[in-house]
């Protein structure tokens, strides 16, 4: 079966154009508007000068990093009601924000943060698939900016970030493995996988799920290979944004 | 008492620099990022092709326009917890979103909207005073853009917007009436007033409140005059943004 | 256009009959049932011998005054479900209770209260328009009674009330400015304004709003003049209730 | 052990002075302020011209009667926070309102109500023990007034009330059975019992509970006898209020 | 009127077969699965090594015991939605858990518990009438097991349980008093009564309620006598379970 | 580094003893108590004879299957408060119940279900690691039992289950890959992976996550191989339970 043409004519192993608009929310300690194709996510880091209550109560030293993820109501074609209008955080958002927090904590030395809480807020301005992976890739940039600011202000003695992380989606659409799915592709995918990786090539999270479908070991391997290629491109884009003009 | 120097050295009767970044949230029917000094608010219009349930139940013809206002957590120096984290919409936000909706409905012919609901979402990206007035001034621009789009798509036969609106704050600080207060001034103000007006110079809302203080009829008159001057500047900025390059 | 006859044949500049039934809720520190025409509101002051938590945490000295407003379910022709049945305080109630609290704090010396919280509860027993203004006018009487009781018990060295306040509504109905609108008039009004004033004639709040309509500077002036007349009558009624037989 | 003197010098088998102020909430279909000693409860009936949704869905004919009970914040010495402030109806209130509804439904022919919902609201204005029994005794009077009004308006062909009901508390205090406990007695009681009865002397509810204590069959019998005596007095008071001057 | 045959052919004064499966939830301090006919309830005691906050704040010495009751969704023929799905604890559950807690506290010396909280959780696995009485009877067994464990671990110097308790339902069905109603009988009952008693024959709670019906003093007496007989059988079953092989 | 001894002396590639107690909740359409070592989960299927509202509104044919997961308060050493006590479903539970539902839907032909909703409830009675995988493995058995019952009752013409599924956890503990982690191992694991698979060996979900750690491609491969071995054992146990004595 020949591979179908993708909506934006990308090659199956090409990521979407990625851009980082730094300092997008000037009130935050670090922030970025990350754009992956039409997907746009505001990533912002706020610093609270206290560890969370549970750490203080359990006398755990160091700091904490926690994430919140939300879709702005106008990010989707049909307006998405705010969580507060329904009175509860929806399950998908909760799952995503737990993933973002866990992924960043895998590369942050919480001890070096000191008794601080870093809040990572990811608000989706426009949703065209891959919002959770864009959020992770962007949050890593925002975190880098925030840490630079804290170090410049002599609030942090050492850099708590051990290495950078990025994330990308892959999927099986019409029998073909595709990299970095847009929404139209995501809807058609029988398998959807998100891979979070460190710049040194180690996995942080691998989440593959059949959408009322299943997948073989071979398909899993093909998706992991594609993801690895896309992640290399994303790390290069992060480096350009953060180190290029530094 | 001589007038004190303002933080940004503006004249007492000068508004802050106002900018409208149009089509900021491309998924919305109309959108703008409005910037008034350091205050930044995303204003976006979503269109739902049905009147609200209460109108259908009460067999009221025409459409409806409703607004929601929220501060993004990183819009303030100390991170503002999301409403959903506290489980309730805070009173101030609720008051503001009621004001925004009421103000726009005063100049929109709901009959001409047809059986539609226009959702006006205002999310504060950065807060430096005057977020509610910036939201109203920006929402009017976003609404204009949305209506143009609906008319172009032949979804609306007539323009339901009867005239434009804008809003500005005025206050008494250290005994002096000042126009368009920034946050540092707002904190010091003994009286705070918000004025919503139509382009033809008629009032929609006048809300003046002493902050643990009171004010005289003369002070009220002085504030109204200042507001009228600022509103003229805001209407000019709206015209430049919407009609200048049309 | 000749002025229409009002439902209760009042002159355009006449307030409704106002009555204060003192000590209506004997368990409270001070209480009154205020009746303005058919509108009836229970106003009661409770004293908590501690400042609110935020004042203690921020080490602010003095006390606080806060208000809650609610409509009893049987106060309206169609039964109004309780807030708890819907799980949220409705926006209008929240707006009103913030107004009541803010208005009273404008004339109360919080420092002189000591480390106390005064709770002002306003429960509407019957609603026929003007419940928020009746609540403010009545709450001022209840507060006076509560302070007298506290001073008699030697709990307060000085009177923290700097002067009395009252509130009244005015509106434009059928092109005419009318004072103290009843519900039937309020429904027909194109503009609705609430004015809160001190006994010495200074404004605390001026809230004028077009109901899907707008108003001119001249109409604003006419409404302010009417309000001032009505407020003079309300202050006289308060004096009669509080000082007449003291 | 000789019987102790009661706080208000009543005989052990005497009820408190009971008064019914009829038409207390003129907006309701029927209402009363019932006073039993210092305990005061507003009882009001609202009529909704539709059966509840579950009856319509299950195609049950006739109507329904449901009750809500709440303590106004200023009804107790220490201000009682509103349910909405805590976000949940407290367990005790829920238990009481279920009791009130169940008790009245025992004597109302729901078929004769037609497709209507009667809402019985009981709001405690002052609490000095026995608020639930006063609420039941008062609600029966308010219901009678509401039915009279509905019948006068030809909305009800037949009287759906089969007979009147009343309720009273009894308890064991210091080893002695006492009738109609006030709050000071209630706090000291080892056993607390509420009895709801029909005017013809049949039980609707008998709820006896040891307060971290137990009771014998003999004590149960003594309490039932006392309750029966008090209920006779309450039925006489209801008759005087409703039939005496009718 | 001759007595009708019961669904399970029991005599009118016979309880259902009662079984206690001890240590059913091995993670708990004490637990039992109690089975009364087809009704099955998990009763489990958890120990928290601190008194509740209100006791610490009010400096009350000793410990506390509190109960929670819930029906598992698959305990009823039509699946019962979880409380969290509706966002609120239903009124009936709340009433029952208050009853369970109150009943156990009547025979527990809270002083001897020390600064501890005992949580009594009752989860209904299958509901066929009498779940609240089975919960009480079973919770007493679970509590006994938990106290034995605490005493063995030298955490309790003295046995805080003063005596055992049990509970049973009785009702009037088709004019006949029946003991220990199953669901089919409960639905048909005109009167439903729950009796909680101590092993020494004293009442803790007597709750009799007409279901849109009333009952006479004679019927009350007959139901109390039946309950007393059933409770003797339940206490024997508890002794067999707890002391038989001790 | 030699492999450490496991708490229960299992080989690194051995699963815990698995048992299925069928028909554990007799009120459900199908149910099982699954025990994997000390972990015990009640899995029960309830049938609702209607498709969910969203399917009816969107006119989607066929049925639906949805899962709910909850930990009973006494399933953990420190009592876990119920969701309703905190007013919100916790994020972890929500994530798990979404996983259970998605996994089962991957092998259920929703079209063949007819206009029905299958509710899969998983309540953890004792938690010793691997509750989500035990829930999936057990829910598959309960679903099989429920479908048999529906087919016997002629409610289903065809078997909607395409094949069986099971799930197992694997992890990296002290540098070694281990199968089916108990709680003590899970706490020490640097990587935790859950694998859901069909009986024919295809993946449904692969969720690997570093716990503040990362993992290599080789470690991923080793974990997948271990999982595959454990799943073969689980499928054999399911066959024995369901087909052995059929």
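Should a chain be cited, it is by its letter among A, B, C, D, E and F, assigned in written order, with residues numbered from 1 in that chain.
Keep this in mind: a residue touches a chain if its C-beta (ideal position, glycine included) is under 8 Å from a C-beta of that chain, and two chains touch if they have at least 3 such contacts.
Just so we're clear, the structure is a prediction, and the values are computed from it rather than from any experiment.
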Counting one step per pair of touching chains, how few steps separate chain D from chain F?
-> 2
Among the other chains, which touch chain A and chain E together?
-> F
Could you tell me the distance, in whole angstrom, between the mean C-alpha positions of chain C and chain F?
-> 59
At what distance in angstrom does the C-alpha mean of chain C lie from that of chain B?
-> 28
So how far apart, in whole Å, are chain C and chain E when each is placed at the average of its C-alpha atoms?
-> 51
Enumerate the residues of chain B that touch no fewer than two other chains.
-> 87-89
Chain E residues touching chain D - in the complex, by the definition given at the top = 88-89, 91-92, 94-95, 97-98, 102, 105-107, 110, 193, 198, 202-217, 220, 224
Residues on chain E engaged by chain F in the complex (per definition of touch) | 25-28, 31, 38, 42, 44-46, 48, 68, 70, 72-79, 82-85, 87-89, 119, 121, 123, 125-127
